[in-house]
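Reviewing the structure listed below.
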Amino acid sequence: MADRRRINGPGGSTLPPVYDDTELDAVSLRQRAPDAIRPLYLKTGVTPSASGSAYLEIEPREGKHGSGMKLACTVHGPRSLPRSAPFSPYMVLSTHVKFAPFATKQRRGYLRDSSEKDLGTLLETALRGAMIADRWPKSGVDVVVTIIEGESTRQDAVERRVEEWDAMNVLGGCITVASAAIADAGIDCVDTVSGGVAALVADKDGGELSMVLDPVALEHESVLAACCVAYLPNRDEVTNLWFRGQLPSTGTHNYQTLVSKAVQASKGVHGLISASLSEVIENSQA
Amino acid sequence: MAQQTLLSPAELAYLHSSLSLSPPIRPDGRTSKQFRPLTAETGILPGTNGSARVCLADGTEAIVGVKAEIEKTADPLGDDGERYREYVKSASGVGGGDADEDRREARGEWLEMTVEIPGLRDDDAGTVFLAELLREALLADGELARKLWINRRFHWRLYLDILLISPPLSYPLPLLSLTTHLALLATRLPRLKSEGDEDPMFDDDWEAAPFLYPRQGAAAGSRPSITLLVVAVGDSILFDPSKEELAVADSALAVSLCEVRRERGQGSMEVDSGRELRLVAMRTIDPPSRLTPPGVPSTANLAASGTADVPLQQKQQQTADEAPQEGVWKAPLGGTPFAVLDSIIQAVLEKGGVADEVLDGLEGVDLT
Amino acid sequence: MKTYQTVTKEHQSSAQGRHNSIVHKQASSLSLNSSHGQNSGALLPPSDSSPRKRPPYSQAMPITILNPQPSTPAPRRPRAVDIDMDVASDSDSDSEMGGAAVQGDVQMQDDESVDEDGDLDEEEADARDQILTPGTVVTSNPQWMRGHGTYVPPSTTNITSSLAGTLTRTNKLLSVRPLRARYNPEIGDLVVGRIVEVQAKRWRVDVAAAQLAILQISAINLPGGILRKRTETDELQIRSFFAEGDLLVAEVQQLHQDGAASLHTRSLKYGKLRNGVFVAVGGTGGGGGVVRSKRQLWTMETANGGGKIDVLLGVNGYIWISKHLESDVAAEAAGINRMEESVSSQIYSSQNNHIDVPTMREIARCRSVILALVENGIKVDEDTVTRGYLEAVEFGRESAEDDIYLGGERGQRLAAALSGR
């Protein structure tokens, strides 16, 4: 997907700086219980000019170099489709996921690259199942998620290529923040969709496999498989399922348990969305 | 997702009800697990490292060419990386077995994949999604990237270019995946003559070039993954859906799996036909059914009632009452229940199930 | 890097000759497929206990992977004449092979005509299946008139073909029928179309032609009486008659200068389609596809307990197969006024009637017959569909599961059975 419209400098020829920190192999191990998710901060209505908006922040990891993920989502619409667009009996949903150029260690360009487009499509799938699109014929909704800060930090991810697993966490965050923003915009949904991630990880000592909720790839020796779901808690359905990795053929760790762990994570997140939305309502009534 | 298929509500309702039957009646008469017949061949492009072509009877045709180039492995630590690593080693006192450690440092980005679908922009979100999906499935087992490792300084960069010859008549995922699988099986890389970390030198005899995925012997490990598109309509699970079937699907799932041969390390004499299927990736595909026009029950149809002045109130009442009526199409809402997910995966993975048969079929294609 | 460059060259040259021997191991076993039937019914995959002596292919296979066919011309397609210098010679050549040269009369050599398709109309039966290519001079004799598919280059009187196709002579009119072309609308054609766009007072309809056809709101039957005047309310609720995606059957009423067709549905035979399935096949020309014939719409009895089905072959290659509604007949008997009332309540409905499973099954069988006909280059008309259907019913009896899929090798068998008579 070459950028045809402008000439950028050669990609990949530069390398971001690496800081020679004291503890080089300081893999900050997971302190949380395996079935605990990181604390989240979610606030809706942060962008007055948008129809709906939300901001999600995940608590940074312990240690001085940790940074959590920060996501902002704006929803524009429902608004009438452009004249040239064909008739649609439904609301036309379009999603954009974009990393801020400074969100990751390696700077991102302004144009969306293939991983961002891929995330956008996954997010669209997750949201479309939840929205009652026929309530809003002939109108369009744009959902824009910006990742202001990604999870990886300075010396992280230098040698251990963990970005690929981070994509699932990013998608989980995107689903949650977009769901809150859609609710804020007052668009009908069958249920509040929320994202949850679970992974099968191996830890350094013992090599014991375990399943954890809301995994951070850096906290573990290796990630074997991960799963991200967009879950509708009241209907007990998934609108999006993204699974990747290898599960051992024997033992109790099969995909069903992994999916149910991810669902468990998203249930936790769902509680947060409801709490945050009711908080807004209380504030407005007060 | 992909291109929208325009179907009338009456057609959608008919298709949905006939596909929900047990056994389902598919519009072209196939059974629920039957694929459309394919024509497949490999090694069609002598200028590539590996190639394959698969045609469907309706004329849809995909060609995959694999090209390999040598590339210097960029050190994430820059030019000083070597020194830095030495320093780390001396500081932490960990040494030895370093080469093995490095060997694992294969990266997924060494595989570059493009999908070209006529009529769609190459940066179209649907095309990107398709390419990412296939790429993810191929890399998920980690084997492919490891095979591209030459030494600590060099690696192969594999370009996998998928070309559809005509605009697809259905969602082309299974077609592309099977073609890619065959092309990778037919891929050969020149035999390495140099040793260690020196500049790579290769045997210039093409006949001696080993296959990327060795055919037999103890080395026969994994195989490239295949991705199957499975849709659920009512209680029916359908494989290789046509566009009409996809248009009424309640949910669609792309299931990628790879085959792991067990005979590894068991001695080369033992030829174990029992393969182990392993789920490596799975993604929900947005079913286009969510964007289909809804049907109007005859009772609520303004035009059908003959008079133009049906009270608006009554109409609203009808739409609000969302109880499904027989023969009236309604786009599915919500997600996929877990029971459906489970039955899809079961149908794919079960012993002697569809994936098994598809792999058997692919095995029968001669590799040149 | 340099070393690899040479490797690549070697690789290319040595690989030159290695790609053409693609043989499929199980090619012979594929023919067994039909006799064993496909897996259906309980949808059980072949169990491991099944005899594995033969490759698993011959059992009920979910997937059939064939080896490429050697490049023979497609069956039952008119074969192009061998390239001969004489064909391209100038107009007054009268050689044996030069079928394209016409002197005074259209005379073609029988020995060169190939592969009687049997799908030519009577009027053109004298014109042989001689393939003309664009630029071929048909005649320079000015007594002929040029028709479709021909042109006369400036400052000559040569009638020259502008298409690849067969020559048709109608009295003094010479025209070239293309081997394959998009549907070209003609007044009076019965077409099946799909609404693609709704405008203020009209619909634009896809009829597989070069232009979208137009259906005016004034050209449809409004509910509540055939002669009711169109009102503004009708225009406002235009989507309640036809919306995007709806299928309809209509007649070509008028042709415009730009080749677009206007349709009308002002007959009870026409209108919105429901209770069935759609299939699109190629339009005119070539071996396959729908041809204009006396009857484009007929009702068929079905086997295996299915009810009657209607088959509607649009001249444009769009086909609709649906359950036959008996009420139509009753209404027809009741006289024209009653008919209006009984039909109007359903004419724009998008709700399907109840269709029983055997009928659905036979509809699917009929659809797969049509697909098989097209795939094997046989024209689609009442005769071929009816006979193909009966043949397919026989095929279905061969296997316990009553397989209705007619793709691949089974379709070829069906085609062979039909053409063999």
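Letters A, B and C mark the chains as written, and numbering starts fresh at 1 in each.
To be clear about the criterion, a contact is a pair of C-beta atoms (placed from the backbone, for glycine too) under 8 Å apart; a residue touches a chain by one contact, two chains touch by 3 or more.
It should be emphasised that the depicted structure is a prediction, and the values quoted were computed from it without experimental measurement.
J.: Suppose every chain is reduced to the average of its Cα atoms; which one is closest to the average of all protein Cα atoms?
T.: Chain nearest the centroid of all protein C-alpha atoms: B.
J.: Measuring between Cα centroids, what's the chain most distant from chain B?
T.: C
J.: Averaging only over C-alpha atoms, locate the centres of chain B and chain C and give their separation in whole Å.
T.: That gives a centre separation of 32 Å.
J.: What is the distance, in whole Å, between the centres of chain A and chain B, each centre taken as the mean of its C-alpha atoms?
T.: Between these chains, centre-to-centre, one finds 23 Å.
J.: Can you give the whole-Å distance between the Cα centres of chain A and chain C?
T.: Comparing mean C-alpha positions, chain C is 49 Å from chain A.
J.: Which residues belonging to chain C are in contact with no fewer than two other chains?
T.: Within chain C, the residues that touch at least two other chains are 243-244.
J.: Where in chain A do residues touch at least two different other chains?
T.: 89
J.: Among all residues of chain B, which ones touch two or more of the remaining chains?
T.: 293
J.: Quick check on the complex: what are the chain A residues that touch chain B?
T.: Answer in residue numbers: 1, 12, 15, 18, 20, 24-25, 88-90, 114-115, 117-118, 120-122, 124-125, 128-130, 132-134, 158-159, 161, 164, 190-191, 230-232, 235-247, 249, 255-256, 259.
J.: Within the complex, which stretch of chain B touches chain C?
T.: Where chain B meets chain C, its residues are 6-11, 13-15, 17-18, 21, 23, 25-47, 49, 55, 57-58, 69-70, 190, 199-207, 209, 239, 292-293, 295-298, 301-309, 325-329, 350-354, 356-358, 360-362, 364-366, 368.
J.: For the complex, give me every residue of chain C touching chain B.
T.: Touch residues, chain C against chain B: 1, 3-4, 6-7, 10-12, 14-16, 18-19, 21-26, 38-43, 45-48, 55-57, 60-69, 194, 196, 223-224, 231, 233-234, 237, 240-241, 243-247, 272-279, 344-355, 357, 360-361, 364-365, 367-368, 371, 375, 401, 403-409.
J.: Please name which positions on chain C make contact with chain A in the complex.
T.: 197-198, 243-244
J.: If you look only at chain B, which of its residues touch chain A in the complex?
T.: 1, 74, 76-78, 84, 88, 91-92, 105, 107-108, 122-123, 125-126, 128-129, 131-132, 136, 140-142, 253, 260, 276, 278-286, 290-291, 293-294, 331, 333-338, 341-342, 345
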